[in-house]
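The next part holds the structures, each set out as structure tokens.
Both complexes shown next keep chain A, but they swap its partner, so chain B is in the first and chain C is in the second.
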Partner chain A sequence: MHIPDGFIPLWQCAIYWIIAIVAIGFALRWARENLDERNIPLLAVLAAGIFAIQAMNIPIPWGTSGHMVGAALIAIIFFSPWAAVLVLSIVLILQGLIFGDGGMTALGANIVNMGIIGGFVGFYAYKALKGVGRIPAIFLAGWASIFLAAIACAIEMAWAGTFPLAEGIIFMGLYHAVIGVIEGVISVVVVLGIDSVRSDLLADWVSSNKQGTLNTKQEVAK
Partner chain B sequence: MNTQNRNLVMGGLAIAIVIAILAPFLASSNPDGLESTAESLEVPESEAVFESPLPDYAIPGMEDNPWGGVVSLILGVILVVMVMLGLTKLLGKRKGKGPE
Partner chain C sequence: MEGLAEIDREARKESFIHNLDGRIKLISSLLIIIYAVSSTNLMILAIMEVYLLILISISNITPKYALKRIALIIPFGGFVALIQPFFQPGNVIWTGLFGWLQITDYGLFFGALLLFRMVVAVTAIVFLSSSTSMQDLVASAQRLGVPHQLAMLLNLTVRYLFFFYDQLENILNAQSTRCFDIFSNKTSYKWRLRKVGETITMMFLRAFEQGEKVYLSMMSRGYSENTSTYRAKTSLDSKDYVFFSATVLVILGLQFVNMFFL
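What follows is the complex of A and B.
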């Protein structure tokens, strides 16, 4: 859902840019307080993986396609929506500047939708749902992050006068309800994959490591 | 960086690069959700405000060659990792300079 140039009038673009810049400020503060030699490598490779997988468009019905965004995944793994804002901002800036994926005038709006809304919806959806079980909660958080980011995008497009409100919400909602399944599935797979090799790097609320009194890796490390 | 973290970075990068190699061959070229919505609602296509060096992950002059996409995506993967590591190092250093 990378918005291109020309879909949002410049004065509205400026508003999204300001929101994005403020959010990036908070994200950098989060990074300064929470990142260290232990977890920086995971964040860096996840950012690279997200960049790559955003190019892997998967076909959905109605001659459309969609790809993973990754904000919910990052927010869950690092226990902070600001982590998602940081990663998605860097990915979106490089995509816009170098690959023409998402317009530079719309960059602020793209950071708002995919980074901020995606990250916060993913974080709080997982928080609300983790009682039902880790795997369904990750899946639903991923799904909701895409779906609500798309609804926000449709509302922005209506405000911009580019899409009519009702039709925009129906089409964007329909397509992204399906694309959200891709997001949910890949998010679950990535968390389980990291959990199996480096559960110590996952935030406690999503790691299987927390009750692990008999963790072989820690035994070996001793 | 200790061995465990080096393995993590190497393993993670290997996965990202495999995706980067596969994507130009496997990815659907159908419009994405936003583009499809724009088409359905007959919104005209718009022009980018500036020419990016590798538009649409293709090397200019060889747009139809998927290997151009592979090279673009691998370059992007490396750039993202470098920016992330550089940025976090920068923030870490600033933290070190501050009062303990």
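What follows is the complex of A and C.
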């Protein structure tokens, strides 16, 4: 889903860059206001972790492989889409600048797709669905974050004139509907895993509130 | 996975290009990329590619490594470029079996244009990242005006990138000693996916806990909200100006040729 350089005309790149810069500005302000200062280094170290996680290839039935993006996961864990915007922006900047994964002129568009759309879709999908149940909510948040980011990517490419709209939406949509399942499943496993060992890391709204049982477990351990 | 170590190895080498100021290399590479993206002439793009390959060859970067990296990044964009001839409007120059597949002249040109632009941009990034260390890149970005909070985040991320690649490799090695193979069909797919999820949970927790540790050690050394990273002032010397002028001249020259001769 990383759009390379040359596929989007410069004037359109400028629009995405402006949106991305404004969003990063808001995300930094969010970090200053809502987190104590410890979370600034924490987010950076987490971004490095996400970088490594993204480098891990995960097999998909039918022979191909994909990798995690993690926007929905971060938005859910931190209880804010801005956390996802910030972490994904850092990851995408470094991927573009050092690895050539995604172009520098297209960086704005990539941040818009994976960071902003991924983070916000993941966050609000979870928020809207958590009444239904925690597991389906996390799964669908992860799935939708990938699927809609891919659709946005297809629309941007169509606007740029590098891919026909209908075929782009079908092709990108189908492929990422499958990749999204992986993202969803792994998001569920990760959130449940964190909940069972370090539920203090989760924002209250995600944790299962089994504080009581945890305490007794800890007492038993003592 | 091995990419990171290779990039670092190349960036640590010594050469005229490696010794240039990071800011100059960063701006020059970005200028080249922006010009390449705005260019619509294949000849101009080919000359730019040659210029970049010359820079790579005088900078002591292993040529095989550079070419391999360029080739590895191409596939996704290459595919999109490859299908351009089939749907861009233009004069039909070839009609396939039963007439459902057509190639147009404009489509052929446009596909080549996308491919050329992308190759030039990727070569510029390979040149930049193989001749400048990651820390230097981030420091240069900060000197060029990236806000200090963002620069600090980038700086810390770069610092821990290697750490987490090692951590992931440790986990994967431990798994393979237990004969675990993500891509093996001998175990059920669901189970494998769960194991991958657990690996990622582990990575996430390690990242989190490392982040807390880093924060505490930074605190005990006096870190606060308003702390900014110290950057020693570096001044540009003549070789930096020479390199920068050369790049700007190449771009201006190509633009001149493009306007009056092509």
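Points to keep in mind about this one:
Quick note on the criterion: the second predicted complex is superposed on the first by the 190 of 222 C-alpha atoms of A that agree within 3 Å, B and C clash if a C-alpha of one lies under 4 Å from a C-alpha of the other, contacts with A are read in each partner's own complex, and residues count from 1 in each chain.
By our rule, contacts are C-beta pairs under 8 Å (C-beta built on N, C-alpha and C of every residue); 3 or more make two chains touch, one makes a residue touch a chain.
In this text, all values refer to a predicted model and were calculated from it rather than measured experimentally.
By the document's definition of touching, of the two partners only chain C reaches A:Ile24; chain B does not.
By the touch criterion defined above, A:Pro136 lies against neither chain B nor chain C after alignment on the C-alpha atoms of chain A. With both structures placed on the common chain, the touch criterion links A:His176 to chain B but leaves chain C unconnected. Of the two partner chains placed by the overlay, chain B and chain C both lie in contact with A:Pro59. By the touch criterion stated above, A:Ile186 is placed in contact with chain C alone, chain B being left untouched. In the superposed pair of complexes, A:Cys13 makes contact with chain C only, with no contact to chain B. Across the superposed pair, chain B and chain C both touch chain A at residues 2, 4-7, 28, 31-32, 37-38, 40-49, 51-53, 55-59, 65, 90-91, 94, 96-101, 103-105, 157, 162-164, 167, 197-198, 201. Every residue of chain B that touches chain A in the complex is listed here, in rising order: 1, 4-6, 8-9, 11-13, 15-17, 19-20, 22-24, 26-34, 36-38, 40-41, 43, 46-57, 69, 72-73, 76-81, 83-85, 87-89, 91-92, 94-95.
For chain A in complex with chain B, the residues that touch the partner chain are 1-7, 28, 31-32, 35-38, 40-49, 51-53, 55-59, 62-67, 87, 90-91, 94-101, 103-105, 150, 153-154, 157, 162-164, 167-168, 171-172, 175-176, 179, 197-198, 201. Partner chain A is touched in their complex by these residues of chain C: 1, 3, 7, 30, 33-34, 36-38, 69, 73, 76-77, 80, 84, 87, 113-114, 116-118, 120-122, 125-126, 128-129, 134, 137, 147, 149-150, 152-161, 163-165, 167-168, 182-183, 189, 192-194, 196-201, 203-208, 210-212, 214-215, 218-219, 223-225.
Put simply, chain A touches chain C in their complex at residues 2, 4-7, 9-10, 13, 24, 28, 31-32, 37-38, 40-53, 55-59, 61, 65, 68, 73, 86, 90-91, 93-94, 96-101, 103-105, 157, 162-164, 167, 182, 185-186, 188-190, 193-194, 197-198, 201.
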